[in-house]
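Order of writing sets the labels: A, B and C. Residues in every chain begin at 1.
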């Protein structure tokens, strides 16, 4: 070997050894026993800390734990006062009066007032802000007109007087209280927002915090940051954790490894069917409901075959939902029994809403074949050729369309030909919105813990999410009744929802596939964390290590 | 005493014999083949590729594209993720594996009550991996060959035109090539695939539209050299038309360069097909290609490694064979190698 | 020399302009919406389009883009609210650059070594072995190698971290190796043939004839003369690395621009896709330019062209 060759070899060896030992050194020490700190991982980058503009659940998770709203969901799934001392709803359900706690402060020490709440709502609906979630405010007096640029922002039905905030609504909205706990409607400090301008929310320092923790060390793109106890939070005496360390770990296997080494306190195992199967029986595995449902939408506007009720019913009957959940999702999701997902909310009698409304979806191959034959004869256009569209966000969604294609083709034989169309997420959205599909797999994440977050999807033929453009008057009437006549009568609403589900199944307007859940390994010595099916999925306000 | 009686004439007997060439005359192709034969790796690769292509063709009749997508929709997890089983007691090929969540090694086939043996195992929906790899290989080869054929046609014409006409035409065409090469191939392929949407046709087009550059360059350079040669000048003087000279005199004389270039283009097309699959722009599901098999099985690596390692190994072997054969051919075409 | 560089720089700028224009109009015809909220209504989309200037005529948008580009402004990401594309790329570029540089250094150094050893042992067993290694290296795409390395060293042996960047040097080993193999293989083959040619050349024969020791012949004469042509390899090698790094970064979850590019595709984040394309093209062209200038300095004949 020549001199330089020896040097090369030496450098490579030294580098490898140095790297190895450094890595080995890092494996030492176990952070899972330090009582002052908690450690968590995010599976994706934070995209923004702009309260009005955040759209993804991970940015929302950071915001939800560092910003407080008027109400906060507690461990029982109720909207309990946070920044609010109390709130009142008028008898007609159209006016909400909220009284703030006194002496509230921002993390920078300045006063947090009712005006900050009003400003946040106004900023949300202001077309100049360009918020993608502005439509959530729809229902508040004048909100729609402001969003359309027809009225001034100041005309929004949210007003402050002293410590009191009044919300005026167009009509009774039983779900409105949940919006008061939404991270996107948390108060924002006007002077601060205006001072930061374009840079607002782009780094941890370019945001002020009203929640139990302040956010630190995020420079806009880095993957390691932390939440530090906010001494200006009104309930800081009950916040026991001093620091929560966060890191972005995109690789699910790495996250699992970190959990096993004690470096993070929680890891999701429902990303892939294999990871789920390998870990679901561990004693620290915990499942929590997620208010999300996956269903097929049939294009009943343009597709002659799918306009036929018998064919739709046949397709629904040929879908074996429990097999689908086993084979395509490996058990990471539950078979659907209704449009509404499991574990969203409970009825007045304490039953899970989905269990209460389930109309009885079944798998019946014989009946399906018979209905399909009859349907085809009625349509009289020969072989049924349809496309089945989904977005390629995960293995599970690919498996799902593979399964459905195979299930339908093996049930109806040569009478049907299903072609898969797997497109990027945003193209799928566009296709859904413009009705450019035959059958599309839709995932819907509920916004609040109330049935209407699902049923309002198809409130009318032209409702924004009725992509299949179906008309089902029985369903429309039931939903309308729930939203209006029965808006303040909880038990009557539940019955309306049940009627709606029944009508949906009878006409086979959609095909519910599965209900989501999230399964994680959770460190047993961490107490007080709240997992919500909607909104803030992981609330660490009172979480601490025992 | 006559000297002629002591010495016997053994060499050339007469004047005519001095003109005789003892070695058999070989045509150009015969001599290429003669030289190629000496390179064992190249010959093995060639036979391997012939066998693979024959397999891909013959299997069309046996394993249809559709049959590789079949599985039982009502069998629960009975057929899912079965390890390869040859039916013989060969380690790692006997159907033994661990069930996720436990550490014991068991015969998964026995445990699930499966009578059939899947030689290459099954995937996460219970589809036969053997069938999927067969179809995948066929599709990947088809994509690569089709894309290369387009490259060949386009790249050769482009290079001929550029080299033959020279002058400002050459300058413009070369500037264009420079611009194309300034964008990394992956970016171009990705943007084109996004534009055309998924499907075999669009992938072929996307790959072909980026891969012809190398061919065009080579052909241009060859044309520039060849057009100064006597036989071309002669043809010109005799009044043969441009296209005729190009195809009758130029192309046959650069056949070696072209063939070698083709051998290098095919593996790169196979690779780009896999890359496109990895970013979800591959062939239409559930059709299998080597690329989609690899990318779909990526998160299986830790749990069922055979699902990703088998198609990966096949992809590498096929590329390797093309490159080895290409190397061999390049040497065989190289006159410097003559009689070595 | 100055004129040569000036001319090349001018061509670079024109080429960049064409690249920018082509990508811009390509983006215009791609399907999909730039917004990621499924709950948007058409009227809300119209408002957002107005806010982001997407309702203006395409040519106006193009003009605005060009003007902004001249100020180094690549626009604002749709996916990362308020975040400018320049910042996003700026923070990820050093990571990709480090990975690419490490891979290039490891690959080229190994390649030089293997190539030289191969040439000196021409047609011996060692030569054959290295030949197989380098051919295998060329025919294995880096993402497949990444998967194999991940399987062996990450999962089976559990020696090295399987993902991430910036916590420890050990995280960089597997991705660097995965990327280094292609440059290694190409350099090995190139150096081998260059060295063989040089070793057979007249001046080496003369040196030998003069009785200089074989080691000295190789060190003093053969190496130096066969190293110069390797400069020309750097451009193509960089191009290869750019392609390889996108998928390798994705496999190892490395927050570089390759991963950024791949993840901006399904989300149709146009400004990011365009920004990364421009940065990629610029990097590649600058590398080629540097290579050409270096070659021109070393080999005066080039300048005459």
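Quick note on the criterion: contacts are C-beta pairs under 8 Å (C-beta built on N, C-alpha and C of every residue); 3 or more make two chains touch, one makes a residue touch a chain.
None of the values given here were measured: they were computed from a predicted structure.
Asker: Counting only C-beta pairs in contact, which chains form the busiest pair?
Answerer: Looking across every pairing, the one with the most contacts is A-C.
Asker: Just by CA atoms, which chain is the most central one?
Answerer: C
Asker: Starting from the mean Cα coordinates of chain A and chain C, work out the distance between those two points in Å.
Answerer: Each chain reduced to its C-alpha mean, chain A and chain C end up 38 Å apart.
Asker: Quick check: how many Å separate the C-alpha centres of chain A and chain B?
Answerer: 46
Asker: Approximately how many whole Å separate the CA-defined centres of chain B and chain C?
Answerer: Centre-to-centre distance between chain B and chain C: 24 Å.
Asker: Mark out which residues of chain A touch at least two other chains, giving numbers and ranges.
Answerer: Correct list: 253, 392, 424.
Asker: Counting only residues that touch at least two other chains, what does the list for chain C look like?
Answerer: In chain C, residues 31, 265-266 touch at least two other chains, as defined above.
Asker: Tell me, which residues of chain B touch at least two other chains?
Answerer: Those would be 197, 280, 302.
Asker: Taking the touch rule as given, give the residues of chain B at its contact with chain C in the complex, in rising order.
Answerer: 175, 178-179, 181-187, 190-191, 194-195, 197, 267, 271, 274-275, 278-281, 294, 298, 301-302, 305, 308-309, 312, 315-316, 319-320, 322-324, 327
Asker: Flag every residue of chain B that touches chain A in the complex, lowest number first.
Answerer: Contact set of chain B toward chain A: 69-71, 73-77, 80-81, 100-101, 124-126, 197-198, 280, 284-286, 296, 299-300, 302-304.
Asker: Touching chain A in the complex: which residues of chain C?
Answerer: It is residues 31-44, 47-48, 50-52, 79-83, 87-88, 91-92, 106, 109-110, 113, 116, 159-164, 166-173, 215, 219, 252-253, 255, 265-268 of chain C that touch chain A.
Asker: For a test of understanding, state which residues of chain A touch chain C in their complex under the given definition.
Answerer: Spelled out, the residues of chain A in touch with chain C are 2, 5, 8, 12, 15-16, 18-20, 22-23, 26, 45, 47-48, 50, 53-56, 127-130, 132-136, 147-149, 198-202, 219-223, 248-251, 253-254, 257, 391-393, 424-427, 429-430, 432-433, 444, 447, 464-465.
Asker: Across the complex, what residues on chain A touch chain B?
Answerer: Counting only chain A, the residues touching chain B are 252-253, 271-275, 277-281, 320, 323, 326-328, 330, 392, 395, 398-399, 401-403, 405-407, 410, 419-424.
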